[in-house]
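Down below are the structures I want you to see.
What follows is subunit A paired twice: with subunit B in the first complex and subunit C in the second.
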Partner chain A sequence: MSEPLRVQAIGSPQYDSKRLAMLTRWQETLVGYGLILPSLWVFLVFYYGPALFLLYIAFFHWNIFASHSTFVGLHNFVVLVHQPIFWQSLLNTAYYVVLVVPVTTLLALGLALLLREAARIRGGGIARAMVFLPHVTPVVATSIIWVWIFDPNFGLANTALRFLHLPQLQWLASVHWALPSVMIYTVWHSVGLYTILFLAGLSTIPRQVLEAAQMDGARGWFTFRRILWPLIGPITFFVVVLVSINTMQTFSQIYTLTGGPHGGAGGPAFSTTTDSLLIYQTAFLYLHFSLASAMSVILFLLILGLTLGQKLLADRFVFYR
Partner chain B sequence: MWQRLLLYGSRALIGIVFVIPIYWVLVIATGYHGAAYALPPVWIPLFHWEPLIYVLTHTHWSRYVLNSVFISAMTIILVVITSALAGYALAELRFPGNSLYFYAVLGVMMLPQQALLVPQYVVMYHLHLLNSYTGLIIPFGASTSGIFLFRQFFKKLPVSYREIARLEGVNTLRYIWGVAVPLARPAVATTVLLTFIASWNQFQWPLIMTNSASIQPIELALSHYMQAYQANWRELTSAALIALAPIVLVFALTQQHIVNAVAGGEMAQKE
Partner chain C sequence: MAALQLTNVSKEFGKHRIIKDLSLSVQDGEFVVVVGPSGCGKSTLLRLIAGLEKPDQGHILLDGVRSEYRTPYERNVGMVFQNYALYPHLSVFDNLAFGLKAHRSPHEETKRRVAIVSELLELGLLLDKKPKELSGGQKQRVALGRALVRQPRIFLMDEPLSNLDAKLRDKMRTELRSLHEKVGITTIYVTHDQVEAMTMADRIVVLKDGDIEQIGTPEEVYNHPASTFVASFIGSPAMNLFKVVPVVQGNQWHIKPLSLEDKSPGFWMPALCLTRHSLPSALWLGIRPELIRLHPPQTNDAISLPLTVDGVELLGAHYHIHARWIDQPLSIITDHFDRNQLNQLTGYITPRALHVFDSETGLSMMAEPWPGPTMEETKEANYESSLA
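Our next item is the complex of A and B:
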């Protein structure tokens, strides 16, 4: 009811425009805070709050069921570095990241180059969608079929190897091949996303540049190395960072492909126990919340360090931005 | 000519390679009993729907499906509301802390989810939200990408619309729901689709935050089922098909929109 009054007030002499501006400014601030409040509340309570709380748990001897806690400094971290399984998990994660990041990035780039002109041709969008489809599928549901694919006796993977006259593998049942099997699943599940990002990056390159290069006789590899590659440098960096962050936190497919609810995940013989899985098991299977928090802090720092390191490298080697 | 053919051929081949595992879920789920053990492998689905119908009508699966539908629907509603409100505030209103909040939202994106699970569990414990629908919905009731998306769309609205609304005495909330949101329909569609996919595929959070079977969503139920029905491939893939079908169906109908949204959204984050 007060709103129409204010409109009339504009014309009336006792309200000068400055005063009105002050009023709306004040209202605008209030309304602004009101509008961000719902999402701010969610972010504070479920994201920023826990992030701070993480530090607290990591430096205390702390138990969810006990009411008191004692400050123990770095004790949790000291316990951690004396656990062989902790080092094993870091090693597994490193192995996983070091293989998945370059393979995913290169494959995504290759697919993007192949599908580049696709959007303009009939049926081309379909291929793009098919490559992207695995990324939107639920991990547990598609893990089921991949467990079958990796079945040593009847699975598709060994059938294909037999067809090619290659030696057959034990896949998920083997200490050496369990983690690579998970890598294959991860690449299949996620490469579509990065392909789309590369496609978006490639689409920003003006056609004239490529046409001009073609006129000057640039072909194949030369075109890629001298023209496309420098131009997609920034997007490549972005993709590498994103793949690294995501692969360092792989959880669901390891959990479902290698074990399940009864603690079998991470096997055989801890060969697929990565940092995320170990954090989960330490906290929710063995209820060592403080140890798990110490591990989480380390994971946090590792991800931060990796991202910053890549940023430094990119500043040196990615010239064009 | 040959080059052209080669290009088409390789594209078709790539598409097929990526879709084959999903196709095989259908082959085994609707094939004859023991199709998973056939050598050489069976290629053609037989469309025997009986096991699937049995699973839906005689087990708890309909409950799990309903749980997932309910959780997804509630999350979508919350996300659209909170994103539209915050997106509008960030795009149109000048108030101290506006740009600070922009970076705060960006910061949420940077937090590594796996490192936060333990303290998040503790927070949920103290809020008495463990093992409840609320606990599966509220933490996902605000979306960083949703906020940025709405912000982008609202920024493109002409300032004059807002001026007219103000002179007509329309209050901000009514303006947002009556004018701004209807004009930002593509943003609503994108937010709904991406939230649906994320919410339906939710696995790790319910795994940690729930322990009673009656509220678990479909993905979590599926992982328990995987353990109990090891190597009963037809039953397992039938259940997997129930989890997969809505996603594949929605994707098939809206793939153009989803792919563009993902490309645009991720690119926008990069800026």
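Our next item is the complex of A and C:
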């Protein structure tokens, strides 16, 4: 006869929870920070550290090869203000954001509404997966596919236009169409994520509320306008903020679609040079780290301002249950 | 013409037949309570009438008009949902006015109709509030108002009181009933609570597994339950049911409990008039807890049962005695009893108070159901036990 195996670990949960219950609040706080320290220091060293350093060199003349740096105050910002390309990049970014944010948001909402209906039929789950799929593909890889799609001679885009008897476009090679081409790619790549967010938001609306509206005789647009739209307000706000932040920081697809590592990214004629691309080029192509840092600070402030503005609007118009 | 007529209605979800070939006719102005345990299909039945679900088979006639393919709005039915389902972002006024606005009712007309309903339901002071600022009872009244404001032909209520606390539920029962007296709208009310069914209904529909078990007035359903299911579902505590073996001897039955056939002496009772000529080998005998008396009645046909007492509960005005006849559990409701009796308690029942059910189907076998205890008889029973 063997005795049943008994495991008495030193740190058994019971033992620890008794000990934890006796800790003072300060001790508890310390324990808490101790527990997150392993991941916190990664953030401090590789995220907040560089960010603070960036803020520092934005006000200095700093050279990656020089051992010392000189304080120049707002000089870097003054230089930027006098660069036409800086204003061009802000304008490009604004154009990009102003179009991508509403298009992505509305398209995601529309797809979510369709997929919600599709959930009732066979294959609804597959449709949902297909909408989400582009988002899980790597930007760099799918961008290369889209370079082919946008090819003026052999690309799928122009083949489709030809089939529809519409005028063909130069896409990425055209000053007017290069940035919209990037927008099309961005919407394609990211809309799935926001669709899923909207679907989640729609699923929080109680079924009975919609049925009550049905009993009240409300239909399609009226139900959407008076019930769905107000009730998914918080999700819509969240999506708009998220799309705004993400589009203001767009880099990979512009870099890959418009030139890639062989140079020329941001063209033709700087028509796709957005602020994050310009920051990258200023820093790593022209090695003006201080200027790039100053630009980053400006971009940060712009995103902060935009988000705060959206928050103010949301507080006024969004209904929270 | 019936306000609502369901003919052979069936509804399936996947492999489950929720409603089975159900037919029901509701008269204009009636207050019908559909009662049954959860999962019996009562909510589905309501949703079929509302038009939120389409029947797989059968017809739904509203005022004689085939309606199974009409929208809820076209059917002109109002519905109160269990969790109220108020529009959370709209004020009480807008909640009430929503349906009118959806159909572009003129502003003055909307205001007038909302005013009428809010006066009827005493919502006047709440019109500017949002649902989350309201108490459960207030939300309930707004939900009622929203259904009423369109002046529906039929009023559907899906367990409207189940989210309220017990005290408020009692109050709302009376209020709902008096509201019905005032507006007179045909009402179908779904609940799992037999008390609501008994107190509010003109007619009760007892539903079991998607099938109607019995339809009748509260008195009929209580006094002449059509099956053991109805007998045990309606009434609290439930009717006492014993599985017994009857032996016919002349115009008498000798009854023994099934489980202890050998040892128990059983009892004699006069043969009851049954639907079937031959007596089955086993049957269910039923008796309401309040019809078991603790003192021998004046009549000479009383059956006496030796009882063992397991416990006594005080229910305010009554006592609920948990007892056993041999090994069969038994509930007794009485106003008074003598604590000295508890050791050797004898229960007396008159054969007229007994219900007989088929042991296999559970259906009542009484050809002519006895008229049932009148209020006086129940009082008499209590009075006699009070003489102790």
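In this section, the second predicted complex is superposed on the first by the 278 of 321 C-alpha atoms of A that agree within 3 Å, B and C clash if a C-alpha of one lies under 4 Å from a C-alpha of the other, contacts with A are read in each partner's own complex, and residues count from 1 in each chain.
The rule we apply is simple: a residue touches a chain if its C-beta (ideal position, glycine included) is under 8 Å from a C-beta of that chain, and two chains touch if they have at least 3 such contacts.
Given the structure is predicted, the values throughout are model-derived calculations rather than measurements.
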{"item": "A:Ile303 touches, of subunit B and subunit C: first, second, both or neither?", "value": "first"}
{"item": "First, second, both or neither for A:Phe46, with subunit B first and subunit C second", "value": "first"}
{"item": "Partner chain(s) touched by A:Leu231 [first = subunit B, second = subunit C, both, neither]", "value": "second"}
{"item": "Touched partner set for A:Met215, first subunit B, second subunit C, both or neither", "value": "second"}
{"item": "Subunit B or subunit C, by number of subunit A residues touched", "value": "B"}
{"item": "First, second, both or neither for A:Pro206, with subunit B first and subunit C second", "value": "second"}
{"item": "Shared contact residues on subunit A - subunit B and subunit C", "value": "none"}
{"item": "For the subunit A and subunit C complex, residues of the former touching the latter", "value": "206, 208-209, 211-219, 222, 226-227, 230-231, 319, 321"}
{"item": "Complex interface listing, subunit C residues touching subunit A", "value": "50, 52, 71-73, 77-79, 81-83, 85-90, 98-99, 101-103, 132, 146-147, 150"}
{"item": "For the subunit A and subunit B complex, residues of the former touching the latter", "value": "3-4, 6-7, 25, 28-29, 31-33, 35-36, 38-40, 42-43, 45-51, 53-54, 57, 64, 111, 114-115, 118, 124-134, 136-149, 153-154, 156, 159, 188, 192-193, 196-197, 199-201, 234-235, 238, 242, 245, 248-249, 251-252, 255-256, 260-262, 275-276, 279-280, 283-284, 289, 292-293, 296-297, 299-300, 303"}
{"item": "List of subunit B residues in touch with subunit A within their complex", "value": "7, 10-12, 14-16, 18-22, 24-25, 28, 36-41, 81-83, 85-86, 88-90, 93-98, 101, 104-105, 107-108, 111-123, 125, 127, 138-139, 141-142, 147, 167-172, 197, 200-201, 203-204, 207-208, 218-220, 222-224, 226-227, 233, 236-237, 239-241, 243-244, 247-248, 251, 255-256, 258-259, 262-264, 266-267, 270"}
